[in-house]
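Two complexes come next, and they have one chain in common, chain A, joined by chain B in the first and chain C in the second.
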Partner chain A sequence: MNSGPLLFLGLFATMACSWTGFVLAPQLQLGGLTQTNTVVVGDALAQTYPLPQPGEAHAGAEIYRANGCAACHTEMVRPSALGSDLQRQWGLRRSLAEDYLFAQPVMLGAQRVGPDLANFGRRSDTNGIFLRLYDPGLITRGSVMPPYRFLFETRKIGLFPSPEALVLPDQDAPPVGYEIVPRPQARALAAYLLSLRQDGYLFEAPPPPLPKTNAVPTNAAPAAAKPAPK
Partner chain B sequence: MNTDQPTHSVNQNDAEPVAGRSTVPIWLIVVFGLLFYWSQLFLAENAGGFNKDVYSPYPSYDEVAAANPQDPEAKRRTEGRRVFMTTCYACHMATGLGVAGTYPPLAGSEWVLAPGGNRIAHIVLYGLSGPINVKGQDFNGTMLAWRETYNDEQIADVLTYIRSQWGNNARPIDPQVVKAARAEGRANYESSDELLKMPVQ
Partner chain C sequence: MSVTVSPASTISSASLPSEQASAEAWCPFALLTLFAGAVLWLLASSLLGLRDSLNFHNPALFAGEGYLSYGRVHAARNAAMLYGFGVPAALGLGLWLLCRLGRTQLAGPAVVFMGAIFWNIAVTLGVAAILCGSSTGFDGFEMPAWCAPILFVAYLMIGLCALLTFHQREPGPLYPSQWFVVGSLFWFPWIFSTAALLLLYVPARGVLQATTAWWYAQNFDTVFLGFAGLASAFYFIPKILGRPLHSHYQAALVFWTLALFGSWGGAPEGAPLPSWIISLGVVGTVLTAVPILTVATNFYQTVHRDVNTLDADPTLRFTYVGLIFWIIAGAQQIVSALPGVSSITGFTWFGAAQKELFHLGFFALTFFGALYYIVPRLLGLEQGAWCPKLLKGHFFLTFFGVLISYISLVVAGIGQGILLADGGNSFADVMRRTMFPVRCIMLGDLLVALGTILFLLNFAGVLAAAFRQCRAERKGRA
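This part shows the complex of A and B:
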């Protein structure tokens, strides 16, 4: 090999180019991203966006990560030009860099075996999440999602039944005298899933324009009509 | 296997490979040049100026800005803030909370948030003295009259400003309201009893 330094320089330049493009430039552009105010429509007040996840949701993110949920679920609403996510009502708007300000790590996911979860908190509730985790087929018939029953505990009913016990149809019901309650991990995961909502309109993705008013403008009233008394 | 015997697995003629010199064909340079030119054209059209605020489907910052709801009151609030920070903040404080027991708050005040701006326009124009109840607290002080200092436009601006700050979120005040209140030509220092007799709108 007679041109080692040249080869090294070529490899170095190639790596440096991609590092500049994929690491340095985004860091310079978005590294200083902070919370912003949402764009408001009408009389609403501007909100700070995004908000940090509450503690239980933060713990739930670790459960989400540990169980490999991101292998089948994404957390990103694609822009209108790149798919039908918005038509499926998976989000009010496309995902932006701000949405992931407090996600550590960002679990965008790579493929969609299941639906996108970027806005799952907007369309689900704790009980629905527990049922889906215990038996995914209950809510979505034919779901290929595996059940996560180890997040639940089957235990003997004590003095009173737990208010958190799952209400299940017959094929999933526990034996008489027993109840199925979510473990803390399931509650944390539910808190995390409920915290997934990218519903603040931001400057980069403003709300859709309001429909044009169809009210008759006052100056277009027929000339014969008398002006309304003030 | 006998390891003592030297092996001659490599042909003596197979020397270390050496990179030779040959010129790049001119057509390759032309093709790369054209590709580079096309890619720059593409980026100029579609990259949104590499602005961090420009996401698809918007091609440029101007189009994002145009798609955002326009705020025709923004300029008036800025002007109002200037008036507020020159005059009003001394008593009502930059937080709009006033001073407990001495100067009434503007944040969340039912006087400020009233549906029309008639009464607060009177207060700013003619001042106020004597007892007044704001947010359930009694105040008894004197506010100066500002009708000689500021014109209708400026007073409407500052009223619009205080109605939009510190959690207040009420409609802007039209300068016509201030003009009408000024045309009444009252004496200074209206009392809160007088104010309560006035129409809210």
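This part shows the complex of A and C:
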């Protein structure tokens, strides 16, 4: 350990070991991943999965990145053996490498100060997202999420009120004659959040097995399942 | 084996030949620029952290200001901590140790000085850009794409001078600190260039970006910062106690096992990856128990007869406490990697607690300990130049600040993990119930910031004393 070059070679070998294992090998295994077909459930057709993000969602990913949303939100659902993610209805199945093929940048996050967003698009709508961004406390009482007011604009109502204007309770309402509308950034962010859905069943995470029974599936006889309306 | 370090002469330009004098005069200048920049960035990072912890008292604060919103400040705080504070601090410590242990002068001090200036300009621009929304979105690698090459070139300027300094050392056996410094010097450009290429310039496909970012963050902390801090501990503790390091063989074991196993892992349990990647990371993390236990026994054997004197010297006190925090942070990392534990503590404040302890508790305290020794010697002053009251205040404020932040984050993390493990508890409800400890980190951040301000006051005082001494010498000569 007294020779500089030997020290260098040793360090290089050690680093190469780690680099091969954690950079090169995953690249060799996952670098060639492509779109695939979903596992067929029932009489549905197999579909290509995942689909590329629409353009506005891609612009929204940039807003998500710029504002550091990943500091508080993860975008990965753990398998049921690890934590209660699936019990919380954060996803249909665990997240897989395939789910992120079109994400750029991939922001999986490191901590959950807020809920996981991997499937946020499955459980929200544009209006709800705008309200959450404008004043998170409106939807979740006592939320520590900061309001993102700079993504909205308070402006004088023109000839007609904007169909996008937020409907807010009194404490948040703008002065009379004014309305609060989302800026393009907020619209893009909402499009991104709505595009977050990991709902294709894949080979590694197949759909839950159907219960073994001889009975006719309930969806084949919908009338029998529901009580007749009075 | 004994410590082969003699108390080398303090660097002062009083009695040197004139052509050497200019290079000599640059050396303290270059190192002090690195150190002062690092401390100022540490303060900036604490202040940014303070803004973030305010969010848990009043989330609506700064709601209208994009550049002060929680997520951006969080990224800026990380960048200020890792690139503003961590890298220059590691480089400055490394350069000084290479000069001292190689009994040589700093090679190319003017280049080091320019490198330090470039680095700090790049970090300033980068942090400002992050606040304006240019963060890359990767935890631990936030600096925007145009900033990374400037950082890389500035690093190379300083790093090449460090290698030249190492090369022109006096012949003889190497001391463990020299291995650690050389290790950290090489490690950073390797991981930084890999991450910059695969995350920013030729982005890897899909989830490979996440694996690269995790691998980078793991290597940056455990190996790069870990080596730099340990180099300082391996030098100062035996040196100030006047007692040889118990075993150089154990130090070599620490060096190689930490480089080998500490560089594995980083991916959280349950990540959307083939499970061998995560398992290999867990194996590596658990095997870091070898360097941790070896450091513990090696230092215990070195100091156990002098435990009472640890309080006598500020460098010793800071370094010793920093080393204990390193052991705790490492033990926590091992525990939280175990599969049974990680499913509970994963994605909670528990991980943030470990990072806080590693960066502030271990690295910052070790760094400050070294500064209390290095700075007066660079300026040709006695160690008594430091104001003892400010010094004491700095130690206790930083120590308790780190402790308060750490304990509250651990409590919040464990509480959150246990409550969330039951799928019946609603997420928002769990967050509300664990909010009290999270609010306490504001106190910790505040104490650390105050401590750093006390250090800066003390530092300014020492610089002023050196300036007065220099002027008196010049008058005496005239």
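Keep in mind that, in the parts below, the second predicted complex is superposed on the first by the 212 of 230 C-alpha atoms of A that agree within 3 Å, B and C clash if a C-alpha of one lies under 4 Å from a C-alpha of the other, contacts with A are read in each partner's own complex, and residues count from 1 in each chain.
Quick note on the criterion: a residue touches a chain if its C-beta (ideal position, glycine included) is under 8 Å from a C-beta of that chain, and two chains touch if they have at least 3 such contacts.
On a predicted model such as this, the values are computed, not experimentally measured, just so you know.
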{"item": "First (chain B), second (chain C), both or neither touched by A:Pro79", "value": "both"}
{"item": "Touched partner set for A:Val39, first chain B, second chain C, both or neither", "value": "first"}
{"item": "Partner chain in contact with A:Pro175 - chain B first, chain C second, else both or neither", "value": "neither"}
{"item": "Between chain B and chain C, more extensive residue contact with chain A", "value": "C"}
{"item": "Partner chain(s) touched by A:Phe203 [first = chain B, second = chain C, both, neither]", "value": "first"}
{"item": "Chain B versus chain C as contact partner of A:Phe8, first or second or both or neither", "value": "second"}
{"item": "First, second, both or neither for A:Pro163, with chain B first and chain C second", "value": "neither"}
{"item": "Which superposed partner A:Leu96 touches (first chain B, second chain C, both, neither)", "value": "both"}
{"item": "Which superposed partner A:Gln29 touches (first chain B, second chain C, both, neither)", "value": "both"}
{"item": "Chain B/chain C common contact set on chain A", "value": "1-2, 29-30, 79, 81-82, 94, 96-97"}
{"item": "Complex interface listing, chain C residues touching chain A", "value": "55-56, 59-66, 69-75, 133-139, 166-167, 172-174, 179, 182-183, 186-187, 190, 194, 198-199, 203-212, 215, 219, 252, 256, 259-260, 263-266, 268-274, 277, 280-281, 339, 342-344, 346-349, 351-352, 420-423, 427-428, 431-432, 435"}
{"item": "Contacting residues of chain A [partner chain B, same complex]", "value": "1-3, 29-30, 39-41, 43, 45, 79-82, 94, 96-97, 203-207, 209"}
{"item": "Residue ranges of chain B touching chain A (in the complex, touch as defined)", "value": "16-19, 50, 52-57, 64, 67-69, 167, 169"}
{"item": "Chain C-facing residues of chain A, complex", "value": "1-2, 4, 7-8, 10-12, 14-15, 17-19, 21-23, 25-27, 29-31, 33, 64-72, 74, 76, 78-79, 81-85, 87-88, 94-115, 136-137, 140-150"}
